[in-house]
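So, here's a batch of structures to check.
Below, subunit A partners subunit B and then partners subunit C, in two separate complexes.
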Partner chain A sequence: MNATTPTRRATWLMPYAIAVFAFIYLPVVVLVGYSFNRDGVGGFPPRHFTLHWYGLLFADDAIWDAVLNSLLVAAGSVALALTLGLLAALALDRADFPGKALFRRLVLLPLILPGIITGLSLLMFAVFAGAPLSLVTVFLGHGTALISVATTELFAGLQKMDRAQEEASLDLGATPWQTFWRVTLPNLKLPLIAAGLLIFTLSMDEIAVTFFLIGRDNTLPMEIWGRLRQGMTPEINAISTLIFVVSVVLISIWYRLRMRTLRNAS
Partner chain B sequence: MNPSSASSPSPGVASGGTLLEVRSVAKRFGTAKVLNDVSLNIAAGEFLTLLGESGSGKTTLLRLIAGFEAPASGEIWMSGQRLDLLPPYKRPVNTVFQHYALFPHLNVRDNVAYGLRARGTAASEVAGRVDDALRMVKMQEFAAARPGRLSGGQQQRVALARALVNRPQLLLLDEPLSALDANLRKQMQSELKALQRELGITFLFVTHDQEEAMALSDRIALLRGGTLEQIASPREIYKRPATAYAAQFIGQTNLLKAEVRAGVAVCGALRWHSREADGPALFSLRPEDITYVPGGSPPPSSAATFRGTIQQQLYGGASETLEIACGPTQALRVRIRAAEPLSGELQFVFSPEDAIRVKV
Partner chain C sequence: MYSRAYKSLVSLPPLLWVGIFLLLPYTLMLLHSFWLVRDGVIVHQWNLGNYAALFTRTVYLQVLLRTMRIAASVTICSLLLGYPLAYYVSFYSGVRKEILYQLVIVPLWISYLVRGYAWKTILGSDGVLNGFLQFAHITHAPVGFLLYSPFAVVLMLTHIYTPFVFLPIYAALESIPRPLLEASQDLGATASQTFLRVVLPLSMPGLLAGATFAFVLSLGDFLAPLLVGGASGTMIANVVQSLFGAAYDWPLGAAVAMCILVFTLTLLSLTETLEKRRSFK
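Right, the complex of A and B next:
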């Protein structure tokens, strides 16, 4: 009786699932496909395999400047978000203070806040502070907006940590400061790497917040977006394909590290 | 290290002088009282066990001494120094944790060296002392291994070495053997005891296992619901339990609700001479202090005798437990050396001095 139910469900679930995945991934497949098409984005099906667009891409200095800018912003954002996120996670995990529930919600708010709100408010802040818009404001914007991601990931790591280890360290004569560096931080290695990869990927892809804070130097997504206004070229397909591959690799590493943290805890 | 450690101190007397003093310490978690005005002294070189059920406050008391908790009131002193105001890393005590709490990211050698390095000991000295400590617990060959690859017993040894390498004046052990299987446990018990004798370090040992407490301790502090029930040597606490709880928790016993009148205590079918004052009194009579009289032979004149019917005979190898009924509502347990199957009504005998008056 029970054995037939899942089979019957699967009969209509399967095409449905295929349709959903096709809707999500077919555009990506098309994008990747046309990056190798000699005749550009026009014409179906794509014919004449070529690496011409990739060659063009590698010779395009403006794109590589944008890539470098994005890497700088992403690396800075990782450092900023991890540092502040770790402090927030430690406060949430260990300290008891008035307004803790409010603090938790405020820290996590940027996760659900639309990027346009975050970007606009940061822009207003930068204007009030008299700070010229540049990669620095973009980095500050990404870093602060992504603190919530770091906090969530690191708080989960702290919750799973065996507190007796820290007690053992204190018991053996290590000061709280020594204990933090020699026991707490090494225990958080996996969550730190995982959160760092996730923040790096999110920063590399970010447009909404960046749009408000960007100065003269473009990040990669902004550069791509700017070129699209002059028409679609397969060069864009080529760089998008590379971004897609790198993102998938980083997210897979992040996911595997996360699974390993969960396994270690149980 | 303590020179006066070769012989264990006699019960209740601090042979090496008092090392640790717990003075009317109380602890609350929220509104729950976990420890209630507990006072006790630990002598230098002593093996003292905190024994009690879960919730008795034994682990809390240990954590107060280690410095992981602060007392609500009371003081803890160690060799003339107030301990309870110091942070854990400034206290001259070390702890062996229940689940060892080894550092998973460090190998065995670095785990053991951790305390010495944290205190800034010279590298040349660290190497030698770590080697000695690993040799002491027979773990030299595992020096390069990560704790995750070791068995429970091996982790236990590393935890012990990690604490002892710092040469603490007092070693705190929080149910260190509870995670081991029965055979390993017995073996580790005897190794622990030998180690303590050899090093002369004072051990404060927490356990809920009364047999373990009896086998290892110079003295046992029995805790119940956050108060100290009795503190005495294992023999003393077994032979002369202060309370009904102590009598029942440590070994088995028969509790007799008796009425004393003119030097004779009466409890159902049992009558015996007692020096207690007139009035109601509670007595503990150990099952092995009662024996049956083989048919025909007369009982010793000073002994108390009564008749009982065998209800059950439980064979236990070296000894057997008899459950007997003497009267419509009275049941007793008797432990005798293994004998042939018994049945029917028999005469039983015990010495009046084995019936120990206990507090409720």
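Right, the complex of A and C next:
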């Protein structure tokens, strides 16, 4: 590419890009920084370094109960969304049935619509079905809403898959059941793990749908939400910092897998 | 190659599940919007009163207008931040391209709540920004208007949706064949002409997709107003939320929600057709 014009344009573009990055990362830096600040969440500059808030956090049973609840809900959602998402992706890829176009759109709705609409619809359904609100309703809500993510990721995986392998397996006398377990599923390993990680992260963080389906026991975001109403303490910064670290680890795993899938496909 | 049994085995469970757990709930929402509340009980009496109320009570129209304004501001700000960033990363970042791309997508997965909370600590009257302003002797008393305002909502949502807007634009820019740019320059176009006549039109599908994302997602947000918006930053989804909560008028709330739903879907299918038409050119 011609080198003269681009460099001239890049002179203002680069500082601008740096500024945008600064804007994107500013809240994270502030958040992490003030989690070590003895004097609380406000004021400038943060003066006295302390691990006090982390100590408080580790002794805070309500938070860890909420973490456990969130982990349970997320694990259940991954199982539910992956199972149904895999079937849905197979159905969309291989079967023809009446209402297929409608089904495809319907599955994706929770991803497209504001969370409040899906959350309230599910709340009405829970009331209609006479189900008391609890972690079970939250799990069903997350699992159902996230079928969209599983279906999209796995459908993409299926489209890239080499059909000849399955044909060969069937021709060589394997039953469709054996073919599914020994050929189809192993071929989808990477998209399955990637989708699972994504669903897990999204469920751990979900709040718009959870807001309307939560019962007595809190998930972690709802516990934090409740505390925000009482005022801000650096303990929330501390838990946020931990959430941030965990999400970065999960994303980098997800990203690696994604890249490997793309490389395998090409 | 797949037997009938196989096909029904894979399609029936998701069809049933989606029918029961998505179609039915959304339908319930639609039905509720035609019912009414009498003496604190939902009565299944069909009427259009909820929709009529929506369009005649000025309170709702005001909030709706504000919501549109906020969503439009978020869209424009995210584009102003996201487009140049995508343009830089795609065209000028050189060997750092991969790492910069990752730096943009990491914040995409940082908890929504965590980011909202962070802005709250920054903008509050005894927050970080006010502390900084006084520390630097720019102001002497805390500036109060930062938090609990439409401005705070726009800021927080722009922060959240800039990476969202970046992604489709970046993808569109990446798919532009580089020889096209050389051709444009060789034929005597200036850098800005090349940008306006080649790069911008070719990245339009990505730009449209990003803008739609940002607009639709901010339109239905109720958490940002609760976190940083205050009374003056109330949005339409907050109206829905309070109608389902304290006000206990589910039918009216359902009607407002249906309007958001229909508007969202219309907008999405509109941009979808636009994108398709654009990308075939």
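Just so we're on the same page, the second predicted complex is superposed on the first by the 265 of 266 C-alpha atoms of A that agree within 3 Å, B and C clash if a C-alpha of one lies under 4 Å from a C-alpha of the other, contacts with A are read in each partner's own complex, and residues count from 1 in each chain.
Note that in this section a residue touches a chain if its C-beta (ideal position, glycine included) is under 8 Å from a C-beta of that chain, and two chains touch if they have at least 3 such contacts.
Please read these numbers as outputs of a predicted model, since none were measured by experiment.
Asker: Quick one: on subunit A, after the overlay, do subunit B and subunit C clash, or do they fit? Just give me the call.
Answerer: fit
Asker: Scan A:Asn187 for contacts with subunit B and subunit C and give back first, second, both or neither.
Answerer: Only subunit B is touched by A:Asn187; subunit C is not.
Asker: Contact-wise, after the overlay, does A:Asp162 reach subunit B, subunit C, both or neither (first, second, both, neither)?
Answerer: A:Asp162 contacts subunit B only, not subunit C.
Asker: According to the stated criteria, A:Val209 is in contact with first (subunit B), second (subunit C), both, or neither; which is it?
Answerer: A:Val209: touches no partner chain.
Asker: Could you look at A:Leu170 and tell me whether it touches subunit B, subunit C, both or neither (first, second, both, neither)?
Answerer: both
Asker: Considering only the touch criterion stated at the top, classify A:Gln178 as touching first (subunit B), second (subunit C), both, or neither.
Answerer: first
Asker: Figure out whether A:Phe23 sits in contact with subunit B (first) or subunit C (second), or with both, or with neither.
Answerer: So A:Phe23 only meets subunit C here.
Asker: Which chain makes contact with more of the residues of subunit A, subunit B or else subunit C?
Answerer: C
Asker: Just checking: does A:Phe125 make contact with subunit B only, subunit C only, both, or neither of them? Give me first, second, both or neither.
Answerer: second
Asker: Give me, in Å and rounded to a whole number, the least C-alpha distance separating subunit B from subunit C in the superposition.
Answerer: 6
Asker: Which residues of subunit A are in contact with subunit B in one complex and with subunit C in the other?
Answerer: 167, 170, 176
Asker: Considering only the defined contacts, which subunit B positions touch subunit A in the complex?
Answerer: Touch residues, subunit B against subunit A: 66-68, 87-90, 93-95, 97-99, 101-105, 114-115, 118-119, 162-163, 166.
Asker: Could you list, by residue number, the parts of subunit C that touch subunit A in their complex?
Answerer: Counting only subunit C, the residues touching subunit A are 1-3, 5-8, 10-11, 13-15, 17-18, 21-26, 28-29, 32, 81-82, 84-85, 87-89, 91-92, 102-107, 109-115, 117-122, 124, 126-132, 134-135, 159, 162-163, 178, 181-182, 185-186, 190-191, 194, 216-217, 219-223, 227, 237, 240-241, 244, 250, 253-254, 257, 260-261, 264-265, 268.
Asker: Which part of subunit A faces subunit C closely enough to touch in the complex?
Answerer: Counting only subunit A, the residues touching subunit C are 1-2, 5-6, 8-10, 13-14, 16-17, 20-21, 23-28, 30-31, 34, 41-45, 84-85, 87-88, 90-91, 94-97, 99, 103, 106-107, 109-110, 112-118, 120-125, 128, 140, 144, 147, 163, 166-167, 170, 176, 201, 204-205, 207-208, 211-212, 221, 224-225, 228, 232, 236-237, 240, 243-244, 247-248, 250-251, 255.
Asker: How about subunit A: which of its residues touch subunit B in the complex?
Answerer: These residues of subunit A touch subunit B: 162, 164-165, 167-176, 178, 182-183, 186-187, 189.
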